[in-house]
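Each in C-alpha cells, the structures are laid out below.
Two complexes follow with chain A in common, the first pairing it with chain B and the second with chain C.
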Partner chain A sequence: MTAQRLNSALSWVIYAFLLAPILVVIIASFNAGAFLTFPPQGLSFRWYWTFLHNAVFMRAFATSIEIATLATVISGVVGTMAALFAAQARPAIANGVRIAMLAPMLLPEVLTAIGLLFYFYALGIGLHHGVALLAGHVLLTLPFIYINVSTALKGFDWSWQLAARSLGAGPWTTFFRITLPLIKSGVISGCLFSFIVSFDAFSTSFLLKDIGTATLPLQLFDYLRLNFTPEAAAVSSFTVFATLVVMVVTERAFGLKIARF
Partner chain B sequence: MPIGRRRFLGAAAASLVAGGAQARTANSLIVTTYGGSWETFWRQTVVPRFAKLTGADIRLDVGFGRTFSANLRAAGRGKSDYSILMMNEPFIEPLIPGKYFEPLDLSRLKNYKDLYPAAQSHNGISLVGMISPIGIGYRTDLVKRPPTSWRDLWTNPEFRGRLGLYNVQNSVGKATVMLAGQLYGKGPTDMDGAFAALRRLGPVLQTDFNMSTMMGTGEIIVAPYDFGEIARLRQQGLPVACIAPKEGLLMWDQSFCICAGAPARDLAYRYLDFILDPEIQTLLARRFFISPVNRKVVLPADLRGAVPITGEQIGRLLPTDWAWANRNAIELDTRWSQTFE
Partner chain C sequence: MNRRALLILPAALILLLLVAAPYLNIVVISARPTSPDGAYGGGFTTANYVAVLTDAYYWRQIGTTLWLGLLTTAGALLLGFPVAWNLARTPGRSQALRQAIVLSPLLVGIVVRSYGWTIILGNNGILNRLARATGITHSILPLMYNRLGIVVALIHVFLPFMIMPILGGLQNMDPALEQAGRSLGAAPGTVFRRIVLPLAMPGIQSGCVMVFVLSISAYVTPVLLGGMRVKTMPMTVVNTLIDSFRWPLGAAESLILSFLGGLAVMVFLRLTPMRWNR
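Right, the complex of A and B next:
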C-alpha cells in the first residue's frame, strides 16, 4: 500500500517537473508588462490581443495547420499501408520495411532536412510550391503512424479478413468495415502524434520553407531573435491550448483507448 | 484515353519543374528581411513603396544570414531565386570565394556617392545599407559609475558578475574577442591575448541574441549594446543608457550584395538604391533607430536623442577581421566555451 502511494507521489513529482516550464510560459503570457519576465508584472490579456491581431502570426499559424494536416493525411495513408503490408510480409521483407519507415526518426532531423534541400535543388524544383517542405514533414511524421499502426496490428486476427472476403466482401469493403475499425486506435493516435510533430517541427521547416512562407515555430523564432515581448509567450500558450483542443476533440469524436499499449 | 501512372507522374514532374522555372523572372524580385518588427515594417512600408515605384511584383522572404547562405549554397552558384540579399558581413565573407555574388556595379547606384566611408564597399561585393553602432549599454538606476571605456568592463568592480556578453555564435561575440585582443593583446587577431583577457572578466552572463530580457530583469547591468535597442528599451520605460566608448565602436551592419546570375538584376540594383535613398534611410532611422549611411539625411530633431551616433562618428569603428573570424570559427567556439565554462 505504501509502495503504491510512493509510486503515485513519484508520478506526480515527475509530472510537475515536466509541466512546470509550460506553466511558467502560460503564466508569463498573461504578463501586463512590456518584457518577457517571470514572475509577471500584473495580469492582462493584452499580449493575446496583440497576437490575435498580428496578421503575420496568424498567417504562420494557418500555414502550420495546413502543412500539419496535409502531412498527416499523406503519412496516414502511406504509413498505414506500409504497416499493413509489413504485418503480412515475410520476416526479412517486413524487417526491411520497418527499418526504412523508421529511418527518418533515427537520423537527426537537421541531416534529413539538409539532404532534402540539396536533393530538391538537384531535381530543379528547389523550394517552390512547398513541395520540399511537405516532403520533409511527411518523412518526419511517417514513423509515428507506422509505429502506432504496427502496434495496433500486433495480435490482429487475420481470419476476420478472410471471413469477410469469403462472405463476398471486396478488398475495399473489407478494409473499411473490418480492418480499419479494428486498428482505428492506432491510426488515430498515430495521426495525432504526426500532426503535433509536424506542427512543432523546426529544423525541417527552417531549411525547406518556400520563399515568403513561414510556419508558426519559424515565425516565433524569427520574432524572438529581435523582439522580447510577452507576445512570444502568448503565441506559445495559444499553441499549447490548440494542441489540447485537438486532443480533446479527437478523444471525444473517435475515442483514444489504446488498449494494446 | 486513360492516363497511365508513368504518364501522370511524368506530367506532374514536368509541371513542377516548369513552375520552378517560372519563379525566376525579371519582373519579380524577392527581398529579404528579418522577423518581428522588421517583417512588419517591410510588409507595411518598404515593400508597398518599392512595388509602387517600380510596378514590379515584390515578394518578401523572412530569415537571416544562416538560412539565406544555406539556400544560396544548395541552389548552386548563379541558380538562386534571390537577386539581392541583406545579411551581416560575417555571413557574406565566406560566400565571396565561391563567387556567389557579383561585383557591385556602383555606377547603377545614384546614392552611392553620398555614402559615408564606413558604409562604402571595401570588397567590391557588398556595401552597408544600415548601421547599428554598438557601444556599452547600462542600467542607469543600478550603475553608480557609468562606463566611458571598454576597459571599464574589466576594471569597474560594480560590473563583476553582472556583465552580459553576446556569445561567440553571434557576430558581436566574435567582435568582442577581437576587441579584447585589440585592448589587451597584440591586436584583434591575437587569440591567446584575447582569451586571457576575457578570462579576467570573471563570471559573465551570455546570450545568443536576446540581451534585453536579462537587462530588463536586472540580472545584468552592463553589456555591449546597440544604440537602437537601448532607444527601444527606453521607450518601453526601462532606465538604460548607451555610451560610445572612447576607443571606438563595434557595429551590426546590414550589408547588401547582388547574387551571381540574379534573375531580377535590374530590380535588385533599383532596390538597393531605394534602400540607400535619404527618404528610406530616415524612415529606417525612425523605426529601428539605425544610423543613416547617407550623408544627405538630416535627422529630425525628435530622433537625435535616440540616434546619437551619426555622420562621421559612425566611422569610429574598432578593427574587425571577419575572414580571420570565419577561418577560426571552431577554435573561437572551443576557446570561448573553455573560457566561460
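Right, the complex of A and C next:
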C-alpha cells in the first residue's frame, strides 16, 4: 500500500513537471512589465494587444491556419480512403498498409523534410508556391487520420453497407449516408489532431518554407532568438488557448475519441 | 481493376512519390560531388562520407547527439514508467483527466514548450531566482545553455511517447496475474520482476525506441536550450544545408547519423529480449 502511495505522489510530481512549462508561459503572457520576470509585475493584456497588432505575427498566423486546413483536408480524404481499404483487406495486406501509413510518423521528421527539399528541387519546382511545404504537412498529418479512422472502423458492421447497396443506394450515397456517419467520430478526431500537428509543426516548415513565408512557430522561433519580451509568451499562450477552444468545441459538438497510438 | 483498390491508390501514390522516392534521392545526392554552380554536380563520389567519417569534429558531435538521446530515453523511462503504472491503476474519469495531462504537451507546439523551459531554467529564470532568494546559492546555477537543460526539455517534450505505449501494455495485463503471483507466495519485488516487467516489456521497448529516435533528430529544443553552445548533429546538418548550401555533405551527415541511430536501436532491441519470461 505504501509503495502504491509513494508511486501516486511521484506521479503527481511528474504531472506537475509535464504542465510546468506551459503554465509558466501562460502566466508570463499576462505580465504587465516590459521584461520577462517572475513573479510578473502586475497583470495586463498589454502583450496580447501588441501581438494582435503585430502584422508579422498575424500574417504568420494566417499562413499556419491556411496550411493546416489544406493539409488536413487532403490527408483527411486520402487517409480515410486508405483506412477503409485496410479494414476490408486480408490481414497480411492490412498489416502492410498500416506500417506504410505510419511510416511518415516513425521516420525522423528532419530527414523526411530534407528528402522533400532535395526532391522538389530535382523536380524543378523548388520551394515555390508552397507545394513542398504542403507535401511535408500532408505527410506529417496522414498517420493521425489513418490511426483515428482505423480505430473507428474496428468492429464496423459491413452488413450496413451491404444492406444499403442491396436497397439500391449507389456507392457514394452509401458512403455519405451510411459509412461516414458511422465512423464520424474517428474522422473528426483524426482531422482535429492532424490540424493541431500541422499548426504546431516546426522542422518540416523550417526546411520547406518558401522565401518570405513563415508559419507561426517559425516566426516565434525567429523572434525568440533575439527578443525576450513577454510578447512571445502572449503569442504562445494564444496558440494554447486557440487549441483548447477548438478541442472543447469539437468535443461538445461531436464527442471526441482520440486515438493517438 | 478492382474498384476497392482505388481506395488505396492516392495513399500509395503519396507514399511512393513523397516518401520512398525522396528517401532514395537523399542516398543518391549523398554520393554526388559538391559543385560551385549549383546544389550538387554530376557523377558519383565517396568524398562526402569520407569527409564526415574521418573528421574528429563530426565524431564528437555524433557522440554528443547519441549520448543526449540515451540520457533522454533513460530519463523518460524513469519518469514514464511510474506514471503509466499510476494511470493503469486509476479508474474511469480520474484516469481520463490524468491521461489528458499526459497528452497535453502534445497539443502545444515544440517551440512553445522549449520556450517555457527557457523561462524556468534560464540564468534569470524561475529556478535561479528562487535559489538566490532562498539563499541556496549566490552565483548562477548553470541549468541552461548546457546538456542538462537540453536533456530536461527533451524528456518533457517526448515523455508522452514513452508513457502511452507502456500504458497500453499495462492496461492489457490481467490484474489477476499479479494477485495469483502474490497468493502463491511471491514477494512484491518478485511479482514485479517476473510478471509485470515481462508483460510491460514490449511497451517499454517501443517507447524507448520512439523517444530515442525522436531525440537524436530533435532540432528546436537543443537550439533554444543549448543556446548554440552544445552542438548536436541535426544543427550541423541544418547549417550545412541552409547556410553553407552543401547538399551532398549534408545528405551524408544525416544518413550517417540515421545509420548509427538505427544501429543503436538494433543493439538495444538485442539487449532487451523477451528472456525475462524464463
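By definition in this document, the second predicted complex is superposed on the first by the 239 of 261 C-alpha atoms of A that agree within 3 Å, B and C clash if a C-alpha of one lies under 4 Å from a C-alpha of the other, contacts with A are read in each partner's own complex, and residues count from 1 in each chain.
In the analysis below, a contact is a pair of C-beta atoms (placed from the backbone, for glycine too) under 8 Å apart; a residue touches a chain by one contact, two chains touch by 3 or more.
None of these values were measured; they are calculated from a predicted model.
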First, second, both or neither for A:T112, with chain B first and chain C second: second
Touching partner for A:H128 - first (chain B), second (chain C), both, neither: first
Contacts of A:V56 with chain B and chain C, given as first, second, both or neither: first
Dominant contact partner of chain A by residue count, chain C or chain B: C
Partner chain in contact with A:V245 - chain B first, chain C second, else both or neither: neither
Chain B versus chain C as contact partner of A:L162, first or second or both or neither: neither
Partner chain(s) touched by A:A214 [first = chain B, second = chain C, both, neither]: first
Which of chain B and chain C A:I14 touches, first, second, both or neither: second
Contacts of A:L224 with chain B and chain C, given as first, second, both or neither: both
Which of chain B and chain C A:L180 touches, first, second, both or neither: neither
Chain B/chain C common contact set on chain A: 36-37, 114, 117-118, 121, 206-207, 221, 224
In the complex, chain A residues that touch chain C: 3-4, 7-8, 10-11, 14-15, 17-22, 24-25, 28, 36-38, 77-79, 81-82, 84-86, 88, 97, 100-101, 103-104, 106-112, 114-119, 121-122, 135, 138-139, 142, 171, 196, 199-200, 202-203, 206-207, 217, 220-221, 224, 232-233, 236, 239-240, 243-244, 247, 258, 260-261
Of all residues in chain A, those that touch chain B in their complex: 34-37, 56, 114, 117-118, 121, 123-129, 131, 206-207, 211-212, 214, 219, 221-228
Residue ranges of chain B touching chain A (in the complex, touch as defined): 16-17, 19-21, 23, 30, 34-40, 43, 59-64, 67, 70-71, 74-76, 79, 81, 209-210, 212-213, 216-217, 236-238
Complex contacts: residues of chain C adjacent to chain A: 3-5, 7-8, 10-12, 14-15, 18-19, 21-23, 25-26, 29, 39, 79, 82-83, 85-87, 89, 98, 101-113, 115-120, 124-126, 129, 153, 156, 159, 164-165, 168, 188, 210, 213-214, 216-217, 219-220, 224, 234, 237-238, 241-242, 247, 250-251, 254, 258
